[in-house]
Amino acid sequence: MTATAEQIREFLAADFSQADMELISAGNQASKIRTVITDRHLRPGGTVSGPTMMAAADFALYVAILAEIGIVPLALTTSLNTNFLRRPAPNCNIVAECKLLKLGRTLAMGEVSLYSEGHPEVVAHATGTYSIPPEQK
Amino acid sequence: MTATAEQIREFLAADFSQADMELISAGNQASKIRTVITDRHLRPGGTVSGPTMMAAADFALYVAILAEIGIVPLALTTSLNTNFLRRPAPNCNIVAECKLLKLGRTLAMGEVSLYSEGHPEVVAHATGTYSIPPEQK
Amino acid sequence: MTATAEQIREFLAADFSQADMELISAGNQASKIRTVITDRHLRPGGTVSGPTMMAAADFALYVAILAEIGIVPLALTTSLNTNFLRRPAPNCNIVAECKLLKLGRTLAMGEVSLYSEGHPEVVAHATGTYSIPPEQK
Amino acid sequence: MTATAEQIREFLAADFSQADMELISAGNQASKIRTVITDRHLRPGGTVSGPTMMAAADFALYVAILAEIGIVPLALTTSLNTNFLRRPAPNCNIVAECKLLKLGRTLAMGEVSLYSEGHPEVVAHATGTYSIPPEQK
């Protein structure tokens, strides 16, 4: 059972308060999302904060998994490993692109590259795992 | 050059908007901080979200490092690896305890255990590295 | 069902060819093992290689888990994250000390600190997860 | 200053005892290497061991970095994070493909996908960082 990008958007709008995240695309074991950066995402000096980028990576993984297994609210992050590589561009939204590397019965794993929107260089890279509740297989 | 818990609190109050984080203690290559949980830290189902716990771990590391090297705003996270181990207790603040494992000239590394306040079991565990700007050695 | 250090030693001697690993202690959600360093563990310059330390961390986790769940050959590493912190002392065995942070039905997670034997400073630190085959719960 | 695949092969043949590793290609911020699997790489049950795959990932990163910065023996791993995704095919060499995501003055970071040779699915995935000695910039 899969879910379309539109179905995921409706679920997220109803159940999540992450008004700063926009789903750009989802499907084919991949996803692309945008974090709309405002002052609350910045650390002193005006750089996008690490937690903002980790939240984006986590969300991109979640969306990529929902697109494959359907709307499963209880899929839970079990690990997220992030490397911060470059200073993000100032005043620039963050785009996260996720590719799933494994979609098993109980565990999914993927990698996420994060960019300052419109810039070619990876600003951070994450790998993460989600546990999938057994009843949802 | 070190900084006291009180000096770090003043710096954070002036420069950071992380009104949800409280510094409990800092020093001796360690720190303890609290995230005051409100609705915006929860995901559907009422569980404290992963990004909330990653932000707490990142902040605990930052505070432990500032206590050793002084107020260095430009210390930056270079990696954060988090394992989510148990569902946090509902309606319960998160406490993060950090121990530094290395404090080098240009890189600091530590581990962080996260708890639901008042509960004995680790709900998440993180390891992270910070780069320290060379002029601050 | 648990296993004693002696039972684990017998199992390892029979089924594993890791003649370079010695079990020092196991039990109470912890373990301590030694890697006896020879030329094949060194990289150019005489430093103990990274893979040698990762193998030690993986083995310490495995032993700590076997001590809790009994002799389960098919427990498998699902992740291992290692930070290399200091140059190990030359001509010195490596000791790995593991503490389990979670022992669930299907997943165990622990952290490992690695030392040059007889030296106080952590030379590397790892966190890892193992999957436990369901029939062995 | 860069190094060709042939120059790296000569350096490795002279200074490294990793007779089980073959350099397939290196350059363009990438590398491809093979681990020739023999009995000593297997764990009970005949599966390629985790440490064998971590050593392959570490080596692929090292080779990709040497191809960019020249023969720098003292480039050192500072972190390696590995996720084990599928059981490798039995009696099958392991191929590791590395792409660098950052090549800075003092730190390089890359990701590595590991395959059973001739099989399309990723069996393990790693991300790692190396420190580059400052005199070699």
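The chains carry the letters A, B, C and D, assigned in the order they are written, with residues numbered from 1 in each.
Heads up, the rule we're going with is that a residue touches a chain if its C-beta (ideal position, glycine included) is under 8 Å from a C-beta of that chain, and two chains touch if they have at least 3 such contacts.
As the structure is a computational prediction, the values presented were derived from the model and not from experiment.
For A-D, the equivalent interface within A-B, B-C or B-D is the one where over half of the contact pairs agree by residue number, namely B-C. Comparing the chain pairs C-D and A-C, the larger number of C-beta pairs in contact belongs to C-D. We define each chain's centre as the mean of its Cα atoms; on that basis subunit C and subunit D are separated by 22 Å.
Taking each chain's centre as the mean of its C-alpha atoms, subunit B lies 28 Å from subunit C.
Centroids of subunit A and subunit C (each the mean of its C-alpha atoms) stand 33 Å apart.
Across the assembly, subunit A contributes residues 78-79, 81, 83, 129 that each touch 2 or more other chains.
Residues 81, 83, 85-86, 101-102, 109, 111, 113, 122, 125, 127, 129 of subunit B are the ones that touch subunit C when the two sit in their complex. Residue ranges on subunit C touching subunit D, taken from their complex, read 15-17, 39-40, 43-45, 47, 50-51, 54-55, 58, 73-74, 76-84.
Note for the complex: subunit A touches subunit C at residues 78-79, 81, 106-107, 129.
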